[in-house]
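What follows is a set of structures for review.
First subunit A sits with subunit B, and in the next complex the same chain sits with subunit C.
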Partner chain A sequence: MTRDEFLNRLGELLACLPADQVKETQEFYAEAIADRMEDGMTEAEAVAAMGTPGEVAEATLDELPAVPRAIARTKRKSTALLWALAIVGSPVWIPLLLAFVAVAAAVYICIWVLALCVWIVAAAFGGAGLVGLLFAVDGIIIGHVPYVLASMGMGFASIGVALLTGAGAWTASKQIARLSALWAKKAVSPFWKDQGNKSRMGAEAAPLTA
Partner chain B sequence: MEAQMKRGFLEACVLAAVSGEESYGYQIVKDVPASMGLTESTLYPLLKRLEKAGCITARSAEHNGRLRRYYRITDAGRERIAEFLAEWPSVQEIYRYVEGAHHDAR
Partner chain C sequence: MSSVKRIYLAVAGGLVATGLVLAAIGFVASGFNLAVLNTQIDLRDDTIILGGVEIDDPTGLPLIEQLAEVGEIHIGSATTGSSSPRK
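After this line comes the complex of A and B, so read on.
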């Protein structure tokens, strides 16, 4: 196989990827072949050292997240097949996709309802505190000193608790924002991969703990 | 070699290969120990991944009338190498345990 044959075939096999990624991949292998030829290999030897275009395409597609990879693999076999599967399979994959979105949304809402509960408790204490102070004002109007003191005490105590709970709610919200960001990342991972965080240096520890 | 384990080793090897002078595809393939069996089709996705993770940077430069892509490690990449090396004592401990158990059983 010549260099150009190899690169063209690779381009065909990767046609499911964006054009710039295909070009970049072809450039990488063109460089590798040129470097091997500079090192004294013949063109055929250098091309053979790359592996078959099929293997090379497979290795490139392996890096994609699950869903685009499955689409790319099917499309590679035949575009018609992909469309046929998409249409024939629509009674299956559309409800599945909807269910997936619904579950993702439900988990997201559940996470935030927790934070909302704490905020509501804080608001309730705040409200009770204000009413207590209002009672104290009433007490002043009727001139009943013990009632004024008791109401003011209740009011300030409630406001104090509200402030404490509010601070807790704030911290909890920040934590939940972090959690929900993590969850969102997990939810989209079959479709879109944040490659930077996916690859782990400590991979060799994984089989030992698995 | 177990696949996950090999992945970690390969990543460390490629980072090590670009940790001194900047290097290019074929040179990296030649530099990495032969026992890793590194080929271009393994290297390319790995370089993309490392670049995306900010562990290496790449630039194109002319070589013999064509463009060649050169890679160099970043501070984040060096940190990864350090993490990899820091795991050695625990790996050793596990090997010692397996070795010991294997001997005792015989």
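After this line comes the complex of A and C, so read on.
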């Protein structure tokens, strides 16, 4: 089998995928074959080293996230079947999709509410500190020295605790931002795979017979 | 840890320590009277007690004067000056 035959067959088997994804996969395998030919293999040997187009197409589909993979496999059997399932199954999959989106959003919001709570505690300490200092001023006006000292002390201590809590809140917010990014990535993983993982797709499929 | 963060934490810790020391001095100066740590503002009967000392007139005291005014809610037209609820 020549390189062009391999790539054309691969394109036919992956016709269920978007055109740009098919082109990307074909380009990857064209480059992999060219690399092997540069290493001294003949064209036939290099193509054979990739595996059969069917195996490569299956490996490519296996690398897709769950939902696009199911759509692609169904579309490969029949586009009409895909549409029929989409329409007939809509009373099931649309509510499920909405529920999934709602749960994902709720978890995302809950994660940030945790950070907000720490900031609220910090702000509360800060407010209490300022009130303590105002009470100290009141103590000065009425001439109650022990009360001035006690109020000023509680004011300073509260402001100090607010600053410490604020530092903790900042650190917690940074960690929560990381956590929420991980969660967002996890939540969309059944539908979408980032470019870094996508580029591995072919790389993992290529050593099939290498 | 960066120097800015170190200074920030030192300031915060210093404020807490200073505050605790000042509060302790105030407590000792009051003759170990726990009431010195209390501030009571009761808007129902206009009782204002700062560190165990009752204040008759809060006029001129920052924050307390404003809080005392919250207890008076006027309902009615400004021209009549009525303080009774309109029925």
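Worth a mention:
One rule holds for everything that comes next: the second predicted complex is superposed on the first by the 147 of 210 C-alpha atoms of A that agree within 3 Å, B and C clash if a C-alpha of one lies under 4 Å from a C-alpha of the other, contacts with A are read in each partner's own complex, and residues count from 1 in each chain.
The rule we apply is simple: a contact is a pair of C-beta atoms (placed from the backbone, for glycine too) under 8 Å apart; a residue touches a chain by one contact, two chains touch by 3 or more.
Worth saying up front: this structure is predicted, and the values here are computed from it rather than measured.
In the superposition on chain A, A:Ala104 makes contact with neither subunit B nor subunit C. When both complexes are overlaid on chain A, the residue A:Gly153 reaches subunit C alone and has no touch with subunit B.
Of the two partner chains placed by superposition, only subunit C is touched by A:Val145; subunit B is not.
By the touch criterion defined above, A:Val137 reaches subunit C but does not reach subunit B. Contacts of A:Glu63 after superposition on the shared chain: subunit B is touched, whereas subunit C is not. When the shared chain is aligned, subunit C comes close enough to touch A:Leu163, but subunit B does not.
Contact with neither subunit B nor subunit C is seen for A:Ala123 once the two complexes are overlaid on the shared chain. Listing the residues of subunit A that touch subunit B in their complex gives 25, 27-29, 31-32, 34-36, 38-39, 49-51, 55-56, 59-60, 62-63, 195-208, 210.
Here subunit A touches subunit C in the complex through residues 131, 134-135, 137-139, 141-142, 144-161, 163-164, 167, going by the rule given at the top. Taken together, the subunit C residues at the contact with subunit A in this complex read 5, 8-9, 11-27, 29-30, 33, 36-37, 39, 50-53, 55, 60-64.
Of all residues in subunit B, only 2, 4-5, 7-9, 11-12, 24-27, 29, 39-42, 44-45, 48-50, 52-54, 64, 66-69, 80-81, 83-84, 87, 90-91, 94 touch subunit A in the complex they form.
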